[in-house]
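Everything below concerns the one structure shown next.
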Amino acid sequence: MSDIKKVVLAYSGGLDTSVIVRWLQETYQCEVVTFTADIGQGEEVEPARAKAAGLGVKEIYVDDLREEFVRDFVFPMFRANTVYEGEYLLGTSIARPLIAKRLIEIANETGADAISHGATGKGNDQVRFELGAYALKPGIKVIAPWREWDLNSREKLMAYCEEHNIPVDFSNKKKKSPYSMDANLLHISYEGGNLEDPWWEAEEDMWRWSVSPEAAPDQPTYIELTYEKGDIVAIDGQAMSPATVLAHLNKVGGENGIGRLDLVENRYVGMKSRGCYETPGGTIMLKAHRAIESLTLDREVAHLKDSLMPKYAEMVYNGYWWSPERKMMQTMIDESQEVVNGKVRVKLYKGNVIVAGRQSDDSLFDEKIATFEDDAGAYDQKDAEGFIKLNALRLRIAANKNRKLG
Amino acid sequence: MSDIKKVVLAYSGGLDTSVIVRWLQETYQCEVVTFTADIGQGEEVEPARAKAAGLGVKEIYVDDLREEFVRDFVFPMFRANTVYEGEYLLGTSIARPLIAKRLIEIANETGADAISHGATGKGNDQVRFELGAYALKPGIKVIAPWREWDLNSREKLMAYCEEHNIPVDFSNKKKKSPYSMDANLLHISYEGGNLEDPWWEAEEDMWRWSVSPEAAPDQPTYIELTYEKGDIVAIDGQAMSPATVLAHLNKVGGENGIGRLDLVENRYVGMKSRGCYETPGGTIMLKAHRAIESLTLDREVAHLKDSLMPKYAEMVYNGYWWSPERKMMQTMIDESQEVVNGKVRVKLYKGNVIVAGRQSDDSLFDEKIATFEDDAGAYDQKDAEGFIKLNALRLRIAANKNRKLG
Amino acid sequence: MSDIKKVVLAYSGGLDTSVIVRWLQETYQCEVVTFTADIGQGEEVEPARAKAAGLGVKEIYVDDLREEFVRDFVFPMFRANTVYEGEYLLGTSIARPLIAKRLIEIANETGADAISHGATGKGNDQVRFELGAYALKPGIKVIAPWREWDLNSREKLMAYCEEHNIPVDFSNKKKKSPYSMDANLLHISYEGGNLEDPWWEAEEDMWRWSVSPEAAPDQPTYIELTYEKGDIVAIDGQAMSPATVLAHLNKVGGENGIGRLDLVENRYVGMKSRGCYETPGGTIMLKAHRAIESLTLDREVAHLKDSLMPKYAEMVYNGYWWSPERKMMQTMIDESQEVVNGKVRVKLYKGNVIVAGRQSDDSLFDEKIATFEDDAGAYDQKDAEGFIKLNALRLRIAANKNRKLG
Amino acid sequence: MSDIKKVVLAYSGGLDTSVIVRWLQETYQCEVVTFTADIGQGEEVEPARAKAAGLGVKEIYVDDLREEFVRDFVFPMFRANTVYEGEYLLGTSIARPLIAKRLIEIANETGADAISHGATGKGNDQVRFELGAYALKPGIKVIAPWREWDLNSREKLMAYCEEHNIPVDFSNKKKKSPYSMDANLLHISYEGGNLEDPWWEAEEDMWRWSVSPEAAPDQPTYIELTYEKGDIVAIDGQAMSPATVLAHLNKVGGENGIGRLDLVENRYVGMKSRGCYETPGGTIMLKAHRAIESLTLDREVAHLKDSLMPKYAEMVYNGYWWSPERKMMQTMIDESQEVVNGKVRVKLYKGNVIVAGRQSDDSLFDEKIATFEDDAGAYDQKDAEGFIKLNALRLRIAANKNRKLG
């Protein structure tokens, strides 16, 4: 263990990662560099600086990564209409590759030979952090304390704090929750506690980012989203940066009871787990992006995207953001988005996201052809007969051979 | 044209298909057999008998196909979590192969050499009817009046009626709608009229099967669905037949404002079209089926199903229900459903379908492994290191070769 | 029919298309522009100029498209290792979009309002020509004489020639073949005649581009192919243009009995057909390209390419080269080829293409890790245990639930 | 380590696994049960009995599994036309799940609590053995000596033998090869040694199962294969059991220089490796199976199979034979094979497998439709126009919007 000289730790400022700072210092006799990021989790990150300093850390990084997070990770993922297992919008998954990237950048800057994180050995996050780190710096060493130490209960952690003079006012309101939570600008998640029984319904006061549909206003809210190349660039006509877009959608979405999800999902490490998620802005974005694509994408492009989406979602969920296959698929997805421009009008009401209109200069919707009225010869209905007959030919040949379809 | 002796017509009893009866008699000098089916469209089918008789039809079929429709078409499709283009539950598409099958059965019984239908030459339904017919009886002839005649406006139709003594009291309340509508036990659809402008929001009084979320009760409704092999067999503990299940879900769903959809979709014949749909029961079924699968399906089985679903949806949408590829895929889907047994508790509230609990004797959710608490050695966290390292190996080798991922 | 003023015809200079020139002139009373392309079919194209002039054609195009054909069509397709139905290298399919493109370019240059071609109404080529033409110039008109006229036998064609003073010395050696043939730099194909019986073995003197394996030299030929970004840029160290590469490979391949294929394939128009193909160079290229990719591509990239290849092949076969979905997929394929650089040594012997070696500066093959010998710690075998255990976890949980796999 | 009481070892009778017997006895102080299978590797298995007895083993299993191997593993895999990474016929991979199954059966019979094998920690075989074992008996323990001990060189192994009185006449002719080899009725493989340089061409005397194409007879051999439901049931009219079929094809294939392959492949554990394979019978089977399918399978069924094949191949290669996803996919594949009946005539000549004819009572090849001659109205060429026009519609609409395809 003695060959590690400096380690960069993803540091939240909370109790667990504070214990990790001290544990790394003691166990590895190495220097610890802390890295704390604002990715929109909704808590101040600056206090982490003093806490780290108090633990003897000399190199302290506190970064605001919100714009990079949304621009380079969230938006590209939503271009693919990405949903894992039919429902999950990948709020936790998509933040991990950014953290991994920044850990490695800081390792390079500070000459560290290892990184460390506070994810447990049962979850997906360890995989996402570490695959990213290895992909970006193949010689990096990784220390995952939860897989190594024996401080696997709150009691042992507290005892360790006392023993090592770690101030326990690290605890905060959030930590009093009975749930394990994770938040960033895209979502907040809840796991553990009573949720471990999938028949148990989550209680109302668990949720933090949204009101319940019941408590939402009785009047709907309409918003208009402007798309350029598949990304939202303005809301109600006002240009906004990516992070501002998402923050705004979270606000109006949360106020209208939008984006709650209660799910049993399959983890990459092989088990099923129950999670609850609030993704107000993301829920609006998915619906609206499909709406603008419905006007602007060619049918076969749209279907090809749909058929590949589950694979793309798997890549993101499993931690392969930093992989050549994700890069290759992103190239294709991004190519498809050149024409995804226009406006979507959305009605938000008590948990519902309802598309109220879509328009685009790049629309392929051709009223002259689709109309039930006289189309002035734009479409020759007689063509349909040949179309059907040739498409039926193989079926007829088979039927003539008495092939059964029943 | 003289070589057609008898034609079976899919007859609704409405104005259009009544005109078709007469037009077929006159144009082809052939006998017409009418076939009217109750597939849950919500209108009496018996009156069609007298109307057909009044038009001189001698062989008249009026069938109640509701149970067959749900059991053999709707339920198998929902086993695949089928959604076309991310949103459409295929309510119209799935009814067509049943009609096609029955038309052919009747053609066989009556010795008819042709079938006919009232679908236009611009839509998907002509394709679905005719592909099914050709697949089931390859030598059948198909007459699609809308592709042949020149009665392509309401005025011309009315003139034809007058000229040919067709009583115009065929018109009914439904026909006064400015929209083209289609209904069956799975959904009702609206097309045409103002909907041809995709920026235009559907007005409240267009919708017929559901109240608006705004008008739905302020108290949620909870229901419990029992699954066997992927199909719902009981609601709130009461065993029900397939059609009864769907009718019940439509009722509670519609009362709670559930299942409205406003969509621009890509037709198989090559154009985009705007449609609005109400699918109250289907919307509940999709959500609940995913919930019971989330407990009972293996991860890779679930992912394989998800990756093939868009292809399956395309088959149904495009009219290839009666095809060897759909049959082959159905075999696989059905095989996966052997273990999809258990209960789902669902909360319905103002347009929202919220999973409130799921349980199953076939559950693969293992609380002992997934727990955040002490798992008594059920899972060795140290295994994760090797798992990650080998999964990272190819990425590290590539990074050592300076491959770029950015 | 009178509204067509000028039509561009894909003109081979042979009997059939010469009849078409005259038929178009007479039937449509329009001007005919002929376009004859050298795409490596192995026959002089210049004679077509005089023949066209003799038929009264004033605007005559004779183009050498060999380099464009290989560079922009054949090479991009081989980057995907494209094979239709497991065996067919798409030699005919890939030439059609180039012809379609050039027809439209000439239509634009000459102000023509229509194009025409000599493909029959039963085959795939009509589809490929016309889909390409419509995609590139949506308002173009298409005249397909074989679908319109009644000259559907050689006798009727000859009678038409006599009647219209078309010189019948158009016939050439090739036309005496009992087979319908098509050739370009990628392949030559044979259809019809005795081949319509799939149990009948093609006789030796049908084949024109290759000797039989039996007749090939008793000594093998070795060649070395240099790849840059997935394309061959040099043979045996000598830089060559794309068309020169393919011509050279055809020569050495054909001399060594390589590239014959006898196939029953599924046409897009719905029937099965029997075809024989000689693709000497292409057969070498497919094998060699896989070899250089085997060293340089990441595993998941390679597998993703493999899983999408059948879809890509379908697009090419069915005539959707000029489509947004092919373009989108090409973008992804091309992205993957940035690293496909290096050399492949191939042994050619009596019909066999055998990879004798491959090397690359971009190789991901790491002898230090793969070795059976001591790897000096490059790979920790103990990692495999965790890897296997977590991959097995879901299987074990299911087995504990008594799920059957037998 | 003391809690293991009895372990079933996959025992070849060779030096390595004999060392493992002793090492297990000493290290785990447990009883060892040996299991030796004849899966067609071409060596006597009976001698293993005496060798095991000589090492003090009391429960000795020697099984002839050849028929089960071909019937339940090889044949089902070939129904899918399975090829890994475009070339590898999975000869090693497909034998492992059978060994795993038998190890578990014996563990159940003998009350053993563990299994063991002689696969190294770098390869795929450990994964295949262990995934299978865990899937079939989730509580089983696995001992993989190569991942545990330090006998990682021939010298150390020999020293261990001397020290522990293991007779070293275990060595046999095969072991003198510089290559690591593995054989069963489907193939023999070579790895290691000079093959670790991918530029190095395998020398002629490495190959054991086939003559070189150069050394094969100058006269071709014709054989006729009879298929029932996708499997070969007779050769040249003579009914044969599955193992007899494969043995026969290996013989004639090997005599004609068929089935050699030299490949760089991607292992599941993350590295590339170079392997050489001889699969004479399998190479014939793949070609012939595609030929009989080309006549009998519907186009869309065939394409669906092709699109899923890479995924299926991955499952087999990675060791997931005993998984619900493989079972599910097999159900679909098998369903497609009901109609794959008939005969294929194949010409074997100096490395070439050439289809010389195929016929089937279930043929969908319809000469009346496909013919270039007069088809008596079986196909209406005019239908093609409508077919093309509707397929082109979306492309034309996009072109009208000035979408670029170049």
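So that you can tell them apart, the chains are marked A, B, C and D in the order they are listed, and the count of residues begins at 1 in each.
FYI, a contact is a pair of C-beta atoms (placed from the backbone, for glycine too) under 8 Å apart; a residue touches a chain by one contact, two chains touch by 3 or more.
Quantities reported herein were computed from a predicted structural model and do not represent experimental measurements.
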Other chains in touch with both subunit B and subunit C: A, D
Selected interface, A-B versus A-C, where C-beta contact pairs are more numerous: A-B
Cα-centroid distance, subunit A relative to subunit C, in whole angstrom: 42
Euclidean distance of C-alpha centroids - subunit A vs subunit D, Å: 40
For subunit A paired with subunit B, centre-to-centre distance based on mean C-alpha positions, whole Å: 32
Sites on subunit C at which at least two other chains make contact: 266, 269-271, 298-300, 311, 323-324, 327, 363-364, 366, 369, 379, 382-385, 387, 389-394, 397-398, 400, 403
List of subunit D residues in touch with subunit A within their complex: 298-300, 339, 362-364, 366, 369, 379-380, 382-387, 389-391, 393-394, 397-398, 400-401, 403
List of subunit B residues in touch with subunit D within their complex: 266, 269-271, 298, 300-301, 304, 311, 320, 323-325, 327-329, 331-332, 335-336, 390-394, 397
List of subunit D residues in touch with subunit C within their complex: 81, 85-87, 120-122, 126-127, 130-131, 134-139, 142, 144, 146-147, 152-153, 180, 191-193, 196-201, 213-214, 218, 220, 260, 262-266, 269-274, 290-291, 294-295, 299, 302-303, 306-307, 310-311, 314, 322-324, 327, 345, 347, 349-352, 354-359, 363-367, 369-372, 374, 379, 381-385, 387-389, 391-392, 395-400, 403, 405
